[in-house]
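Labels run A, B, C and D following the written order; every chain starts at residue 1.
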Amino acid sequence: MGVFKTGYVQLRVTDLDAAVNYYGNVLGLVETGREDGKVYFKCWDEHDHHSIIIRQADGPGLDQFGFKTESPEDLAVFEKKLEAKGIKVSRTSAGEKLGQGEAISFEDRGGHRVEIYYKMQKVGNGLPLDNPDPYPPNLKGIAAPRLDHLLITSPNAAEDLEFYRDVFGFRLTEQVVDPTGAPIAVWMERSHTPHDLAIIPGKPGGFHHVAFYVENWTEIGRAADILAMNNVKIDAGPTRHGITRGHTIYFFDPFGNRNETFTGGYVPDIDNPPITWTLDKFWTGVFYWDRTEQGSFTEVYT
Amino acid sequence: MGVFKTGYVQLRVTDLDAAVNYYGNVLGLVETGREDGKVYFKCWDEHDHHSIIIRQADGPGLDQFGFKTESPEDLAVFEKKLEAKGIKVSRTSAGEKLGQGEAISFEDRGGHRVEIYYKMQKVGNGLPLDNPDPYPPNLKGIAAPRLDHLLITSPNAAEDLEFYRDVFGFRLTEQVVDPTGAPIAVWMERSHTPHDLAIIPGKPGGFHHVAFYVENWTEIGRAADILAMNNVKIDAGPTRHGITRGHTIYFFDPFGNRNETFTGGYVPDIDNPPITWTLDKFWTGVFYWDRTEQGSFTEVYT
Amino acid sequence: MGVFKTGYVQLRVTDLDAAVNYYGNVLGLVETGREDGKVYFKCWDEHDHHSIIIRQADGPGLDQFGFKTESPEDLAVFEKKLEAKGIKVSRTSAGEKLGQGEAISFEDRGGHRVEIYYKMQKVGNGLPLDNPDPYPPNLKGIAAPRLDHLLITSPNAAEDLEFYRDVFGFRLTEQVVDPTGAPIAVWMERSHTPHDLAIIPGKPGGFHHVAFYVENWTEIGRAADILAMNNVKIDAGPTRHGITRGHTIYFFDPFGNRNETFTGGYVPDIDNPPITWTLDKFWTGVFYWDRTEQGSFTEVYT
Amino acid sequence: MGVFKTGYVQLRVTDLDAAVNYYGNVLGLVETGREDGKVYFKCWDEHDHHSIIIRQADGPGLDQFGFKTESPEDLAVFEKKLEAKGIKVSRTSAGEKLGQGEAISFEDRGGHRVEIYYKMQKVGNGLPLDNPDPYPPNLKGIAAPRLDHLLITSPNAAEDLEFYRDVFGFRLTEQVVDPTGAPIAVWMERSHTPHDLAIIPGKPGGFHHVAFYVENWTEIGRAADILAMNNVKIDAGPTRHGITRGHTIYFFDPFGNRNETFTGGYVPDIDNPPITWTLDKFWTGVFYWDRTEQGSFTEVYT
């Protein structure tokens, strides 16, 4: 199968204590370790050691993200494919990173640092593997059960699509096209969801948001309450996307990294035809109900 | 990827007109064709020609079900694997079945007729591929967006698990084990859902239920209203499963075939550890809230 | 306005510690005081001192319940009306009961002890009266925001209806009638809800259940999870009533007193025509989805 | 009891056909009659002949609204009270208005035409009074079950509060106060809901919005879908109010009259203490999640 999920996202924050409070108590992630100025978190229903890493830095933004792949052999396969495209690949040994096995990493065409790994320590989801309840007691805050996807910016989404399709087998689910029909923003998946990774036009290496899955529209409303009670700045929503059909809130962590709670969306078969949005319907695609820009969608990246 | 979903289920019914009303107006499936005493349906958000076939017969029950596989080459691969296990494989030519390309079929260890196909006519989900609304107008009845899974009975689920794992790569998500730890009921997936196919102990070739996905617990409640307004017999629920965590209603079509509306459940990574239920917690696994048998779960199969 | 709500219900329990855990942690009521072998609770969004009193006794059951009335003058008015019907009325002085002002009490025609009071200590709902959040942090368990209604048994609901209508102005919202059209079960309200008090046929002084309001069907599902996680025996549901249209779970406190979580139902105008259920549709009225008896509805009272 | 609900609202529209489509098919009201350039509608779960009247006119805005009162005698009582305050009262005979009995009308202090009536033709809610289903088949559009409340503008909400309290017994549930503690916006009720009538500062006779009740937050989301699919301009939301705690969408009919779908909010006892919002928290009161102005709340009235 190769890559089967967006496994983790590493973000820069300017105050580790404030970040631990925000990611731990407001989003309700589970802290799993600290090392070298980084704090590791997982969503409660994930079994792997981490899906969010925050790193103390001078400003917000995306350090890198990782895809989990099925088998050890995949690393060499992807390494070869990447090098065939003239992309320099680095190796990380097992043990270099907390909870993670050996990995390769590279800079994608759009200027983002990407890591591929196949092994991560299993720390469990807080439930026994025998006769579990549907969720553990004492969940905190929004209590998102899992990382959903990542939206990044890049100067050329069409090339990025080709790259991610060729090398990792990502499937295009939705795209915004220019009047010639060329894709200028793309949504891609490897996990039977509307997107694991999406790319919109913008600066190289840019980060738009990381999204956390919540169970349904009711949880979106509850998330909004929790954000408000914690004075978190909501950027847009609760609302619905046309693209993916999902329900959403965009909001910012205390440092300016945009986060999303996301739910719904269809379950795409791997052979579903992709959906195309024309530029005149771009805002309907992004904010289905309002059909105009909400918040700072096109203005604020980190 | 090989098999990536349970694609269709063919059921026997004793009155085709009553069945068309039930599957079309109550469940709200979309009729896509009729041929040779069979009526073909799809769920509204499916793009393929059919996911439910009903066939006029003398009594209820399961005729066969089909898995969709990724590529034409898969057929020969699976044919070889099946024959290596001493299983007789038949070929169906493209055009023999409405809307479906060439396929192989065989009888599984538990006595069920199974078909593998890679091509089915794309009829669309009622929405344009450009700038679609999230759902089409004029949905009817329960309006389940897609087929979810199938639960069948077999004399030896442990052997079936081995078979489906070896041949098609199904992953075990949950199991009920006997005191020796041997699986006696199994839940397996290929689509990042808690199950595409499940097997419980029972007669060879037996059929327990076919499940239709609905969006959330609110839709489960709405489905119950629609069932009641149409005098459909509810077998159990609305309730929650321990196994899969999903919310459910079991009910019967007018001929005695058990149907389910199912929602929720986790999104399993392909490397999640399987969950085990011990026999003393069996009913907690099946009906998490009541923890006792509800309706005719263990009594009525077709 | 006179009587404007069912204000409190006093129940007998056989183990005060177990009861405090159940009513406090599972239902999530707020304890407001203890006195003389009684523990006082309120639902979180109620401002008055108590809505549930539990009393240590030899067996379960209903001690009494109270209606809150608008003004001090009402007590004398009701006293006169009751005495005109030959009913003996007792006076309780302010201070005799925790948090409660002066009151009258009497035994109704069906053998239930009923108290009428107009003053109760305001203890607040855990939120400031200036610029409140929509709910306080740290709610526990089911966290029902308010007491909803009471269902009692009596040998003659038709007479009871007349009594509660004449003396307190209760409005009939729904009734079950026998083939002659005489009411044999009645639902009555004073608070623009489908019912504050309902009476079904049964022994004098009998208690069927006390209901706690929850916000919606999603909260009903969450309540079922919490009940199951706490090994509380569910009697019936989650399901929907035909009568009142509300969604419900019936379950038992550890001593056998039936509780309900209730939501939904219409908002009746005071001049809405009452709804009538005929005996052949009785179970559709009680359990709209299943249309048959569920649990022990007609069998277990305390 | 006197006045027990905001019974109807009469709005001006500039195109009766477009209005019939909007109020009938998008909001899903039930048309009950036409007369003299007016079309009468009710919400589906209301039993009375009308709750919305639209009148062909040169521009949008509020003509008048009506309160329903309990008994014929109330008209004379209110007439006397109004005249004692120097307010001129008109009488309308039964039969002058479609479906409505005799009434009195007057202009309130804030310049709004208000009618008090006790009788309106009962046309039913589309369900039988015997053994009804919870809702009728074939509901259309948003299908709001009932009119909820009205928000108007006036130069002096403090005086209006005193007026509505003295004459009709409205209870203050929430208020915004200026730094001296004087109310500058008020929410008042007579129906055990957070508000039947609210007044914010603005021009005399001004109309801010009329609100339709929907069942829950899920229905708010569905309403937003329907608005978008029908190209209705959303002004703000889906979001939550701090004031009333309710969930809401503001949007405009095709002529510029603001409508709201509203749900939730607490069930206030008649003796609940009122809630006060200070000016610095005004936007938290109006839009709890964003805490800033959304849409045109303070800018657009009709």
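Note that in this section contacts are C-beta pairs under 8 Å (C-beta built on N, C-alpha and C of every residue); 3 or more make two chains touch, one makes a residue touch a chain.
Worth saying up front: this structure is predicted, and the values here are computed from it rather than measured.
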Interchain contact steps from subunit B to subunit D (minimum; 1 if touching): 1
Chain pair showing more contacts of the two, A-D and A-C: A-D
Remotest chain, subunit B as reference, centres from CA atoms: D
Subunit C and subunit D, separation of their C-alpha mean positions in angstrom: 31
Distance between the centres, which are taken as Cα means, of subunit D and subunit A, whole angstrom: 44
Whole-Å gap separating subunit A and subunit C, where each centre is the average of the chain's CA atoms: 48
For subunit B, residues that touch 2 or more chains besides their own: 133-135, 216-218, 225, 228, 240, 284, 288
Residues of subunit D touching subunit B in the complex: 133-135, 137, 216, 218, 225, 228-229
Subunit D - residues contacting subunit C, complex: 1, 4-5, 45-48, 68, 70, 122, 129-135, 145-146, 191-193, 213, 215-218, 240, 242, 245, 264, 266-267, 269-278, 281, 284-285, 288
Contacting residues of subunit B [partner subunit C, same complex]: 217-218, 221, 224-225, 227-228, 234, 238-240, 247, 284, 288-291
